[in-house]
Amino acid sequence: MAILTPNRLVPLAAFILAWVATYMAIQMGKQGKIKIRRIPGLDAIEEIVGRSVEMGRPVFDIIGMGVFTDIYATQTIAGLSILSYVSTLCARLGAELYAPQASVDVLPVAAEIVRESYRLEGKEDEINIEEQLPYLSGTQFAWASGIIGMAARLRPAGNIMIGPFWAESMMFAESFDRVGAMQIGGTARLYQIPFFAALCDYVLIGEEMFAAGAYVSGDPQQVGSIAAQDWYKLAALALGILGALLATAGVTVIGDLLIK
Amino acid sequence: MDYRRDIPLAITFIVGVIAVLDYYTTLESVTATFTVIKNWGVVLQAFALGLGAVNLFRVHGKRVSERTREDWMFSGWLLLMLVLFVVVGLITGQYDASTSYQWIYNALYLPLGATMYSSLAFYMAYGAYKVLRARNFEAALLFITAVLVIIGNTPIFPATYPGFFHMREWIFGPIVSGAYRGIRIGVGIGAVILGIRTLVGLETGYLGRR
Amino acid sequence: MVSMDPQVWIAAFLTLAATSYAFRDNKVFKFAETTFIGIAAGHQIVMGIKNIRDYGWSHLMQGEIIYIVVFLLGIMLYARYSKEYYWLYRYPIAFLVGNGVGISIRAGIHSDFTLQIAETASPLIASDALGSINNIITFIGVITALSHFIFTYEGMHEGTLGWGPKIGRWMILLALGASFGNTVMTRFGMYQGRVIFLLREWLQIIA
Amino acid sequence: MSIWERLMSIPREVVMGLVFIAILIPALNPLGLPLMTGKMSEDWYNTVDNLPAGSIVLFDIGYGSGGYPSLGPGNIAAFHQMFEKDLRIVIMATALEGGMMYPLIMASVKPESNYGAVYGEDYVFLGYIAGTQTAMAGVLGDLHALASTDYQGTPLSSLPLAAEVSRADDFDIVAYMTTAGGTAEGWVYQAYSQYDRPVLGGCLSMMTTSIKPYYDSGQMLGLMDGIKGAADLEFLTGHAGDAIVSSDILSFTQTLVLIFIVLGNVAFWMQRGGAR
């Protein structure tokens, strides 16, 4: 076995198994064998849209300023899945949707998603893409100012922020709170979670947003990788619990094996 | 075979697999190949550094030539500044090591880079006042540790009573270590599985959508 | 004495201009922001060309002809702006993505997964009572936080077992509070650096 | 409007104006409060302290102007300690602006006049290398296959220290300071996991929580926790600088923030009680 780097057999095995698990899970996802639990935040989305209809005020869905080519692309994709869900609900219940955009790459995709949702509900004439999905700016502070301005002007009843967010998260959460909007925040950029957690009525922490995106889109790719990750997390749970108990009893076999 | 799509996917796969083999095997040939790949990666990343500027020229150049938006002068200024840095950087042949480049860097870039984000401190103070309210159970949990950590981070409190600092250190002990290790395991495995999907061509967002 | 150095004056003006956004969005801030975007892109180009010279061109000059390939790939990156040949940029991007992904996940599974579990699989009982309590809290934190992020097992979130994810969420929020507290310090520490600059180098009223 | 409602909605300009004043007062009249050092930065200090003279450190400047107020002072203190201990430092930058931070740091450390150090023998600067983790792997894997000159274009072969190092094993320890999460993780992946090199890390305070698992699991031997860690290093090395001044100012600014937080919460709960 001289070809293999010594002391890396366990990571290597974990790596190869991850490869296999990804394939298996995606196959199972295609066959509909995987069920993702409903994230409580999703019920809150329905509540927000319903509330906006009652109050006759608009709903905002902000997916952040991510693009498809950076490492936050998966967060942008999860945000778009949520946008599809939100726009369907808005079309169905008759709420006015605003989804300002910050990326010229993402804008056409987002527009297509929203248009499709309204078309499927037979309400194509109720959406004006140019007005309701405006391109604000690709630079952070100009984008933040644009959103803050819109929030003050339109006084939305609800605001859904799911996607990659940077320092602007605090400004957004605070501006929408000031006009009395009910809010949901979600991002896998954990630094921004405290601002969401403190001001939003519901917050999706880290991977919860991916699970929510997979849940509403039903895309076997997304669903499958959630399942594959779950298997690994279950393995980590089992090994961690067992290892800690054994180690407490003086048997350090699991810890020793894993650092090999 | 679609050379617009299949060849790029094959390149990703081959390069990625060599990187992985370099880590798990001791084969000389793999290490040597990967050394070349790494060096090329550095050069390609350097080429990619110009992409941002091309984007800016496309967007702002158009604004300047059309002059329809009221803020087109800002666009012109932006491009002027861009060109200024490039010219000063290249003209000496010394790039960032030249004194004239360091002069304009220290005059323009350093203050802006340092202030652009740090001016959020003001927003932060206002935000903490407006945001950090124990309005429900979850916000209260966040509130408790946030306030205790701020107290521990503020030298005047530990100077009065050292326990404030030990409290802060303790929070960074078991509380932070436990939850963040759990998060780290989840994030780590998420990245590995996303990476594998990318290598085998299931995740193709980076190829663009045209 | 106020500084007479034009460099310091420019820096001081830009510091104040960038600060002004905190109070209200305004034209002076917009001026500072556009300046920043322009020079940041300019600096990228300068560093890019320097790196191409140092790590690419120098190899070519030493007779490593194969480096012509990487120059071609580099130029192909710019094909994305062509309507007809945009797909050419996928070749270099594919190279970068393959390298970037491979180089990070190969070790990620070791550093983020196996070694973190190994750390968890250590004795809960320490030599003193406080140490033991800390170990147990850490352990509960890891296990419950991890269980919070399991999505495909309904049973994980129901009944007695459901307490795991619930406690996990609370532990995560407590830890995030600590992160928030430190974020406050980061932002202030940064801005204070600017104030020290203004007082020391520009107004010269502190040592 | 009740008093509580008023206290809940103090205008932005008032809060921010008070913050500005709270920064100015201690900046003009420092308090000189004592510092309590944290374990994470003590570990950094002790690890460097235990290295034998002549050991070679690979040091990455992974921050730019944005991180300079937090990390610059820590970097200066770290270099003071390393030069004092007669360690030799190979410096590189994974951050685009790292090459611009280097002269600022060195203007403050003054290795030649303070420690009699010689460029090329005791320290060398490779400059900015693009690619983050690729750059790390490149330098650790085979430095000379990647680079042939330092940041000023001097051939590495004519710089004895640079000529001496070529592989990861030639570095006794790897240290970095960064504002980027990818860089902080990257050094653990590339230096510790790939080559089993001991790693010291410094990052912004806001990143500390997410980087700490590496420190807990022994993959990093020390962790400099932003401006707080920088002040600790300044204190431990005996080179007081901007971080200590800054943490003094924090006593005013953060106390003010705490007052506002308390006001906001008291008003919030009183008003809620009143509404019932």
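Letters A, B, C and D mark the chains in the order given here, with residues in each chain numbered from 1 onward.
As a working rule, a contact is a pair of C-beta atoms (placed from the backbone, for glycine too) under 8 Å apart; a residue touches a chain by one contact, two chains touch by 3 or more.
Model, not experiment: these values are computed from the prediction.
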Centroid-based (C-alpha) most distant chain relative to chain C: A
Pair of chains whose C-beta contact count is the highest in the structure: B-C
Euclidean distance of C-alpha centroids - chain C vs chain D, Å: 14
Chain A and chain C: spacing of chain centres that average the CA atoms, whole Å: 19
Computed distance of Cα centres, chain D from chain B, in Å: 16
Chain A and chain D: spacing of chain centres that average the CA atoms, whole Å: 32
Multi-chain contact residues (two or more partners), chain C: 21-23, 30, 33, 37, 43-44, 47-48, 50-51, 55, 93, 99-100, 103-111, 113, 115-120, 139, 142-143, 146, 148-149, 169, 172-173, 175-180, 182-185, 188, 190-194
Chain D, residues touching no fewer than two other chains: 12, 16, 66, 68-69, 96-97, 99, 127-130, 134, 137, 146, 153, 194, 205-206, 208-210, 213, 216-217, 228, 247, 250, 253-254, 257
Of all residues in chain A, the ones touching two or more other chains: 8, 11, 15, 18, 69, 141, 190-191, 194-195, 197-198, 206-207, 232-233, 236
Interfacial residue positions of chain C with respect to chain B in the complex: 6-7, 10-12, 14-15, 18-19, 21-23, 30-52, 55-56, 59, 66-67, 69-71, 73-75, 77-78, 80-81, 86-87, 89-109, 111-113, 116-117, 119-120, 133-135, 137-146, 148-149, 168-185, 187-188, 190-194, 197
Chain B to chain C touching residues, read off their complex: 4-5, 7-9, 11-20, 22-24, 36-54, 56, 58, 71, 74-75, 77-86, 89-90, 95-96, 101, 103, 105-124, 128, 132, 138, 141-150, 152-153, 170-189, 191-192, 195-196, 198-199, 206-208, 210
Residues of chain B that touch chain D when the two form their complex: 23, 31, 34-35, 38-39, 41-43, 45-46, 49, 94, 96-97, 102, 105-106, 109-114, 116-118, 121-122, 124-126, 128-130, 132-135, 143, 147, 150-151, 153-156, 158-159, 162, 165, 169, 172, 176-177, 180-181, 183-184
Complex interface listing, chain A residues touching chain B: 2-5, 8, 11-12, 15, 18-19, 21-22, 26, 68-69, 73-74, 77, 105, 109, 141, 167, 170-171, 173-174, 177, 188, 190, 194-195, 197-199, 203, 206-207, 210, 221, 225, 228-229, 232-233, 236
Chain C-facing residues of chain D, complex: 12-13, 16, 23-24, 27-28, 66, 68-70, 72, 96-97, 99, 127-130, 133-134, 137, 146-149, 153, 185-186, 188-190, 192-194, 204-206, 208-210, 213-214, 216-219, 225-228, 242-243, 245-247, 249-250, 253-254, 257
